[in-house]
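Two complexes are shown next, each including chain A; its partner changes from chain B in the first to chain C in the second.
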Partner chain A sequence: MRATTPTYDLTRGFWRENPVLVQLLGLCPALAVTNTVANSLAMGLATFFVLVGSSLLVSTLKNLIPHEVRISAYILIIATFVTVADLVLAAVVPDIHKALGAFIALIVVNCMILGRQEAFASKRPVGRALLDAIGTGAGFTVALLMMGGIREILGYGTFLGRPLLGASYEPWIVMILPPGGFFTLGFILLGFGWWESRRQQRSVVRDWPHGVGSTTRRTA
Partner chain B sequence: MTEQHVANPPAVRLLGTLTLAGAFAGLLLVLVNGWAEPRIMAHRAEVLREAIHEVLGGPDRYETLFLVDGRFMADPPAERDTLRLDRIYAGYDASGRPIGLAISGGEPGFQDVIRLLFGFDPTTGRITGMKVLESKETPGLGDKIEKDSIFVAEFSGPVPPLKGVKSGSGSGDESEVDMITGATISSRTVIAIINHRLEELQPYLPVAGDVP
Partner chain C sequence: MMGDLVWILVSAMLVNNFTLALFLGLCPFMGVSARVATALRMGAANIFVLVITSMTAWVLNTFVLGAAPYLRLISFIVVIASLVQIVEIAIKKISPTLFRELGIFLPLITTNCAILGLAIFQTNRGYGFLEGLFFAVGAGLGLTLALVLMASIREQTELATVPSLAKGMGLVLIIAGSLSLAFMGFAGLFSS
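Showing the complex of A and B:
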């Protein structure tokens, strides 16, 4: 196990190892319920709550859970938090709960959450597990918000239900339909990959300032 | 071999851990549900109340009538589980005069089951309004059955059984409802739900002046 700093644990999931944009985990909700910003936000926050709660509990109880039944125990903990989130959403924001439908219950099988328990929370102190869960959960929420923002603006011409593009704008209905989810995710991943490869090239330039490649690139 | 046995915790411990965890989870869920359920029920009742007001044109009060053995009654026998009984809602104006019945129904539409509530006035024999309660129809196309105010307005006044016609090609018949272009299946489902439910309930519906 490589030693990491608390800051690294917090920021890793948010950007460098963003669950949706880099690890490509939890794509099912990212495609299915991101047709509006409000839905994306509710799904992101519900997942955030489940991830933080589960990581906290798994990390606290890691020495009490027998190795042989750990996955069952993690799923039990995750499912409990998901049901709590489901009931709270239904009681507090019934309309959003209705729009998200079965996808709230399906947070149980979001591999990002189980993955963080198995790979991180079950092996680290509570504080670090908490930081990791907050970072990863926030990264997931931000990725969903990016998708929801793009899809709602193009598909409805609104942002959070407020008209943004004016009455003359003809909405691209395809963006709020399932294919729009794939288009949006594809373009975001493309942009992310492009940005990442540029960043790596820049760091090569920084690390070897007298390298052949770097000079040609600079003068070009 | 012996070492292996020592390293493996006994099955009782595995079972015990999971049972204990399950019990704690159950307890937590019972507590949360106790808090959430009244709110969820209250919201559901509020949605229904608003829908009844809409389809009956603002009744002063309404009453739930349960279908028990071929008769509608406000107070079903205590031994019958009211949740399983078919029901309609009778609306009254301020002077206590019955103004119409709100009837719910649901059938598969284009994506999933469409559930709606419609108003029916037995005195005039006309539909008084329609409100979609639940639908997952295609955004921008099928969801016009609830968002398109022109289509919704088609349901105030027609005489059942309804006939769906292509928009603008109607003959002026009082049973005709203009369907939505691009949402043929969804509009057809809405019309079918109303026709089927009325057909099904017609023999039992309280006739004019007979509403309790």
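Showing the complex of A and C:
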């Protein structure tokens, strides 16, 4: 495994390899519960907690877990933390717990969490695993908030329950229904793709002598 | 009684379609929906595992978990995953043809959120054994329908001229959104 700096471990999951927006992992919660900002925040924080807890434990126990049954062991550890998160949410914010419903339990099968255990926490020291979990968990939460923000503002005309767009705004009901989830993520991905291709064109122009002969037009 | 069962089946298949309305089982929906033939096999394997899951969840809920409900999540995962492995070994022995058809999909499906989702929904709604079976078959048929529809559309888009930007997941998600929009229409089926 390539050596990396602690800063890189922390920031990688946040932006460059964002679980939802780049790797398309954990789509199930990212689409299902992001119809309001409050739900997105609760889901993001619950997943953050489960990811950080399991990464810490897996990284600590990595020499004790036999290689053959490692996946089952990871799942058991994740399921334990999800049970804790489920009970805590039910006690602290019962309304949101009810709105999220079965999707809290479904954090167990969020492939992003299992992926981080298998690819990172099981091979690295505890400190690095913690940094990676914090970065990835924060990236996941931010992606969920982005989806939740767009969908709540367009679908209800509110942000965190406060009116934002005024009484004359006709809400786009479709944004808070299931199709809105697909459309929002689809357009975010298209936007990212457009931004990325523009950036590549610019870098070709900037490195001009090497860009000679490329088909890219000089746009600036 | 029969009417209730049919309602559960149709509702799980169309109105509350697992993939297009509840976002369960999105990984196979995005991953193996490029060809219609593969999509059909994946759907069949899904129905199979969902039925096993439904029966397992009913047994666990009725006979084991009454005393310790907080262990539900952990025991569902462990028992369903092991059972699918056992059934896979049995099929390999009894019917190699069927094994080739369902093949690599079986272990993949076990970690699919549709499976755990079915077990949890069934528990939350308090379904009995027969209701659970109809729910599982309906959910499986719904997943298959969504997969096959998606695969046929994606086969067509390969022949169409799509802007280079939209090639990839962006386009797939927008197609999924349109399909989901169409399925919203089924909500009017039961207006009682």
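Odds and ends about this structure:
Here is the rule we go by: the second predicted complex is superposed on the first by the 202 of 220 C-alpha atoms of A that agree within 3 Å, B and C clash if a C-alpha of one lies under 4 Å from a C-alpha of the other, contacts with A are read in each partner's own complex, and residues count from 1 in each chain.
Throughout what follows, contacts are C-beta pairs under 8 Å (C-beta built on N, C-alpha and C of every residue); 3 or more make two chains touch, one makes a residue touch a chain.
In this text the structure is predicted, and so the values were computed from the model without any measurement.
In the superposed model, A:28 lies in contact with chain C only, and not with chain B.
Shared-chain residue A:6: touches no atom of chain B or chain C.
In the superposition on chain A, A:163 makes contact with neither chain B nor chain C. Of the two partner chains, chain B and chain C are each touched by A:80.
With both structures placed on the common chain, the touch criterion links A:65 to chain B but leaves chain C unconnected. Using the contact criterion defined above for the overlaid structures, shared-chain residue A:106 touches chain C, although it does not reach chain B. In the superposed model, A:177 lies in contact with both chain B and chain C. For chain A, the partner touching the most residues, choosing from chain B and chain C, is C.
Once chain A of one complex is fitted onto chain A of the other, the partner contacts of A:194 are limited to chain C, with no touch recorded for chain B.
With both structures placed on the common chain, the touch criterion links A:88 to chain B but leaves chain C unconnected. Overlap of the chain B and chain C interfaces on chain A comprises residues 72, 76, 79-80, 83, 87, 101, 177. Looking at the complex, you find that chain A touches chain C at residues 24, 27-28, 31-32, 72, 75-76, 79-80, 82-83, 86-87, 101-102, 105-106, 108-111, 114, 174, 177-183, 185-187, 189-190, 193-194, 197.
Partner chain A is touched in their complex by these residues of chain B: 8-9, 13-14, 17-18, 21-22, 25, 28-29, 32-33, 35-37, 39-40, 43, 47, 134, 136, 138-141. Interface residues of chain C facing chain A in the complex, by the touch rule stated above, are 20-24, 26-27, 30, 70, 73-74, 77-78, 81, 111-113, 115-117, 120-121, 124, 165-166, 168-174, 176-178, 180-181, 184. Those residues of chain A whose C-beta lies close enough to touch chain B in the complex are 35, 64-66, 68-69, 72-73, 76-77, 79-80, 83-84, 87-88, 90-92, 94, 98, 101, 155, 171, 173, 176-177.
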